[in-house]
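Naming follows writing order (A, B, C, D, E, F and G), and every chain is counted from residue 1.
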């Protein structure tokens, strides 16, 4: 019985990781890739870790796996935020089928400050439409 | 698997040296790191590898009941890794400093000390 | 337990380093404490030396784990002799550093690192474990990296990059060799390895391992064609640093070669031939290299290489007398090379340059100092009965006995070229007319120093000169010592027994 | 098929196939951010691999490595994106 | 005896500290040192002439079998007396000659140590001791020749002299060691008893060669002769001392000393005859073409040395006798002539013989000395020179081979030497005093007395040869291994072929003196042959050698780090590859290997991909990130193969390294594609072979049996003795804790180093101060 | 300037957790994977993370003293724990000294533990010194 | 003082969980240890208010879990079906939560639920920039976030 639970958890976990990987390959721009992978992989690995919890079922491993899951959930979105922000900053462009970009013109190139409105010093702003392709 | 690892060690050594033969200082350091990884894996491999049996005695036991991996190479590698870290971090900073002072990343331009003086 | 004494030099240097790290910012404290520590170190080294002299090889098993399982420290005559020499050179350079190294450098950890370097050297000489030797080598090279780069400007850094890279490469090869050695024997204890390696049936593999050690240590020892880091860097750091490097660093490589090739990989004709060829080419390359240099320190750098050839030749010939010659030369060379780099430091402070083209007139202005400097210079040449001469008796004799006439030829060639080079240096630096060089503002010229500061330059040179003179005139003692060491090395069973059968 | 065989012959291969896909993205890029994301994901996958492996070989001690991987992967991502933003664009 | 030898050295050390005292008027007192020694040796004459050999031995370095063994027999006594006697006169002469010289004390110091060295050399019975003193004469003469050290020519001459005699010294050392290998002793006396055994030894030839190497260089035999004329740059007292009586004779002394040990074989005799013959003729001819008095004397000295070598080579009792006498003859007249030349130079400030004449009007005693010396050198009776020449001819006539050629050579030499002696000793004092020297001052007593004394001695010994016959000459001949009982010295030998030859010599020589006047033209004439002169050939050789040395040095030390690495790796590949090809079994026991699984292969592939991506990417950041992939893969391998601690540490450290890289990267410039395709291909091939070798090596090791003894010990004791269950950690903190302690020291040092490297900025003035000025200047030049 | 609220907040909560975790890893090293090295690395990673999020000066405020001082302190602790047997019992260097009775949590306390604590401090000091030095002069 | 005490208790639990040793000694040791760690890291700084409202937290977590699984399935579908039917873009979401912790939790939760990714918060903390995969109606999207996560978070943190 426990074996089946472990099997199911591991299966779903592995599948989500696989989805994340496929997503990483298939998604058309960096932001979408970040978006897809952060959660799918986190969830997937979380499920796999839960299978170890069930398998070993002692306080030691359980607490450890729990800490890992907790930590993953804590850090994954922060990582995603940091990479996404940096990507935008260095001019990684959105997919051409994107429908809107409300970040345009709000990052200050030199100070790295993000404003909530478009600034009146446009030459200092990050604007992808004015950047060349890499 | 040993054969695969041996090949990998060879690749690490080969590419490490290849990188050290480049003219860029950054590549030089990457080469040193690759070479160091190669050496560590070599110790690991030549100390003979054992799967799934860490040299950690089970909770209640006092000695090993089953087969276990040779802990000696592991300890040696640990020491080597940590030492490499010291050396590598120093190397990275040295490169930075050298670049600031000499204003080049090209090792070929750093040969004043071998010229007549 | 008297064999505890073996580790006291290490304890002392470690303690000094740590305390100096605590007293990080107080230069005066560092200077004084470094000298006091070095004096203590010398005392300990003498004590240890006489203890081993009277009681024979002693061992101590770190952690109280019997050999070959723990790390064994072994004090045989070779080890304690080198520890003693390190202490002597160490004291001299410690005094010399206080006056000659810039305050800024002293403020950034010069002395702690310096004592770590001494710690590493002592450790390398005393350990009986091959991996532990590797670790000691690492402490030596990292300290030397720091010392060679500290406060470095262009030339120093350029030299340092080469020094660094090639020494790391050497460490990697050394580590590779250890990996193979452990792979075929499962042991790290050198005495144990002596027996284990002898039993390995695949001799080709043993030869390859030996070659890896040869190349790894060869790079550190500065032999042909592996020496490139040495002339690229030794003339760039502060003089005190060059002095300790010039005296001791390559010698650790030589020590390791001697140890490994007398204990573990013994008397393989193929390897001996290779070592001989290396020795010959080293003698020649170092000699001709030194001949064409203009910078004093570069001259000495190439002479280091050249003279390493003598010691390597001694190992290659592998007879008791040849090894005695190598040991005698090693003893002489440590003292005199340390001294020579300090000499170049003194010359530098007198005239503000080390370029032989620009130097001159020192004999006329500083006759007494010149005569003092004469001692190390011509000890190096081996003008008998100064110290460099005696070991050549052993080496040439061994060469003649072995019928290796090319080696004898190379030894004679190297001796001759050393004579020519030093005579030329003497003529250029001391005899030639004083050239007017543009005065440098703020430069601490020798003649502007207080006599106390001057004495900090002169006393260490004099100290080592006296030791050189003793080696020359008291050659009997040194030869007796060298012969005893050679005997211990060739008949290594004594070493093995001391390590493996030792009972507390 | 026992649980161990299942994990060994099905789950682990699925995880490593994912890793290969991620590697493909790593190599392809195109932007450096993609590579950083790929590395991050690769490490996360590695955690999964270790977890499964520790079940197969019944050694819970391997889980410690997974923990370290999780902690440190985060730091490297932070550092890399920090760098990405900070470096001057030429 | 040791004290006697050391006196010279002690005195010179004393001078280092008390130099001032001897700089002024008291300087003449220093001549008491050689005088005392002279008297000391004089008192041995009765014993030695009575056939006694006085041996003294002091322990020195028993481990080397080196003792301070001294032997006073006829040969060494003769030389000791010359060294101290002429030494005394030279010391005295110097006090006036270099009066008021700034470095007079130094000069005495060098002179005294030279004297000590020379004494040691001739007295030593132990070959190593002999060598020690031999080298000391070289080095002290280096200082004497280079006394005027601000003069470049002086320095060059000193260097040349040291170079030539230095290589000779090493040859002597090799000879000593070889003879020791053959005989088991360094004692020359003991070797004497083993002469036959030595001569039968297969290395006899080599030993002879080594001894020749030493003797010929020291005694300026062709083609090593050229250092001696160069050495004339030294102050005249030096020339007198070194080139008449002492140092140059050391080589002759060595040959004489070893005649009974090594002599008697044709290789020994013929070589000496040929080399001595060539030298005596070659240099004698050269005297015609010189105008500098000292130059003339130098070449005539070389010629005389040639005669001595030649005589030694003849190997007969008569020849030994002739040699013994000629040593004295030459010492007396040559020292006189040098001292005279010195006086002329000192008073007139020229040594150009074409500008010198009629000086007897000013310095009559000097003139008398010069003329007497010239007569002695010409072999005109009743000087001892005549006796010497007669004995020489006598010996030559009875040589065993090619008598005619030998006679022509020796007579020709003697004629030319007569010419040279006349030019040096007579020409300056006869004829009209030129106006330029009209105001020349008369030299003082201390200057003219020594040469006159020596010249008079030449006359006295000639008239009364019995004074030296049994006291000096006979013991010398005996020391050289011949029977001396029949020897009877007399000026008049009767009217025979030898006498006729003497007459011819004197006649032709005198005629030559009146026909050929020394002139610059002649000097320039010989200059045409300079290019084939040995010194120039050697000079050329030296130039080529330096060029080759430069090339060799710069070929290897070319400044390119990558070349250094290439050479080292190539060296490794060649050597290891060589052994591998011969010894490797290339067989793998597949059963002993662990099975390969999909995830392992994948991990390996990811690792390889990461590695190659690191290598080939054009972006540094991408390379660094790829290193992260490599680190992760290795971490996984460690996990698979039971090394969790390793995996943890490896990964943490890899990440930290990445962070470090990232922190410094953006300050560094972008990658440039710096190497061309060919270079990359070459490096690629070398690296691949290197990698292949490591792989093969690894597989080879894996096929060896394995021992886990150490690991098992740790495992067994880990918990029971060391209270830990993680064996790896227990090894780190206990079993091999010493490693760890050092390792954290390494880390600490690295941290301190990084701190210093980044924080320490030398102030501008200090930068200049420590960057070698000359180095910077050179580099600046290069950049322009 | 470059820090973000999200990272800052996250790191402020991560810092104590990581520090706890590092000591946990240190103490259990003798029984399970971990030990002074890894523990020290994790502790320093915690501070590095904090410095990325809050800026170096904030992290330095936290640390009270310069991390460089951890070097001699750690070295001294490790060295003395190896040296103690020499001085106290005339046993060889690095001989393990053990308490007779196990102590709670830590198990049997011995010199090896102090040794590992020294390692922990040194590794921490080294990593922080290096990273901080470079960040400051970057 | 209270905040620190609470943090201390919390960390003590973390410690006990980590070590897996639930003995009294371990609790005490953990408390002692964490006390020092907190002392070390909070020198001279103030902490924001800290309230623990357990039920609201649980509701928030359950909601989050639900969103997480639901959205993951959506993405899985998107990834494995051949056609890409996305309308992505970056949307600016005005913020009502003011505290750092609140903003952070909100942003992270948004990121963890598929289809959306918090890119950044403006420096004046007024708006959150979210990248979303399916933007059909901008207003509806913003309302979804504000009524979903933000409201619940604000309740917890009130």
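Just so it is clear, contacts are C-beta pairs under 8 Å (C-beta built on N, C-alpha and C of every residue); 3 or more make two chains touch, one makes a residue touch a chain.
Computed from a predicted structure; not experimentally measured.
Colleague: What chains, if any, are shared contacts of chain A and chain B?
Modeller: Intersection of chain A and chain B contact lists gives D, F.
Colleague: Please report the minimal path length, in steps, between chain B and chain D on the chain touch graph.
Modeller: Each step joins two touching chains, and the minimum needed here is 1.
Colleague: Any idea whether D-E or A-D has more C-beta pairs in contact?
Modeller: Looking at contacts between chains, A-D has the larger number.
Colleague: Where centres are the averaged C-alpha coordinates, which chain has the largest centre distance to chain F?
Modeller: Farthest by centroid: E.
Colleague: If you take the mean of the Cα atoms for each chain, which one ends up farthest from chain B?
Modeller: Result for the farthest chain: E.
Colleague: Using the mean of all protein Cα atoms as the middle point, what chain has its own Cα mean nearest that point?
Modeller: Ranked by how close its C-alpha centre lies to the overall one, first comes C.
Colleague: Just give me the whole-number Å value for how far the CA centre of chain A lies from that of chain G.
Modeller: Between these chains, centre-to-centre, one finds 14 Å.
Colleague: Measure off the straight-line distance from the CA centroid of chain E to the CA centroid of chain G, and report it in whole Å.
Modeller: 85
Colleague: Take the average of all CA coordinates in chain F, do the same for chain G, and state the distance between these two points in whole angstrom.
Modeller: Averaging C-alpha atoms per chain gives centres 30 Å apart.
Colleague: Centre to centre, by mean C-alpha position, how many angstrom separate chain E and chain F?
Modeller: 61
Colleague: Any chance you could list the residues of chain F touching two or more other chains?
Modeller: As it turns out, chain F has residues touching two or more other chains at 2, 4, 6-7, 10, 21, 31-34, 37-38, 42, 45, 48, 68, 71-72, 75, 79, 93-94, 96, 123, 126, 130, 133-134.
Colleague: If a residue has to touch 2 or more other chains to count, which residues of chain D qualify?
Modeller: Within chain D, residues 15, 17, 19, 32, 36, 53, 61-62, 64-65, 68, 71-75, 78-80, 82, 84-86 contact more than one other chain.
Colleague: Which parts of chain C, given as residue numbers and ranges, touch two or more other chains?
Modeller: Residues 14, 17, 21, 62-63, 71, 131, 135, 138, 142, 145-146, 149, 152-155, 161-162, 165, 169, 176, 180, 183, 188, 231-232, 235-236, 294-295, 355 of chain C touch two or more partner chains.
Colleague: Pairs of chains that touch, anyone?
Modeller: Every pair of chains meeting the touch criterion: A-D, A-F, A-G, B-C, B-D, B-E, B-F, C-E, C-F, D-E, D-F, E-F, F-G.
Colleague: Hey, which residues of chain B end up touching chain D in the complex?
Modeller: The touching residues are 51-54, 56.
Colleague: Could you list, by residue number, the parts of chain B that touch chain F in their complex?
Modeller: Counting only chain B, the residues touching chain F are 54, 56, 78, 82, 86, 89, 93, 96.
Colleague: For the complex, give me every residue of chain B touching chain C.
Modeller: Contact set of chain B toward chain C: 20, 25, 28, 32, 35-36, 39, 42-43, 46-48, 72-73, 76, 79-80, 83, 86-87, 90-91, 94-95, 97-98, 101-102, 107, 110-114, 116-117.
Colleague: Looking at the complex, which residues from chain D come into contact with chain A?
Modeller: 2-3, 6-7, 10-11, 14-15, 17-19, 21-22, 24-25, 30-34, 36-38, 40-41, 44-45, 47-48, 51-52, 54-55, 60, 63-64, 66-67, 70-71, 73-74, 77-78, 80-82, 84-85, 89
Colleague: Taking the touch rule as given, give the residues of chain E at its contact with chain C in the complex, in rising order.
Modeller: So the residues of chain E touching chain C come out as 16, 60-64, 66, 106, 128, 131-132, 135-136, 139, 142, 146, 149-150, 152, 155, 158-159, 162-163, 166-167, 170-171, 173-174, 177-178, 180-181, 203, 545-546, 548-550, 552-553, 556-557, 559, 561, 564-565, 567-568, 571-572, 575-576, 579-580, 582-585, 694, 697-698, 700-702, 704, 706-711, 713-714, 717, 734-739, 741-743, 745-746, 748-750, 752-753, 755-757, 759-763, 765-776.
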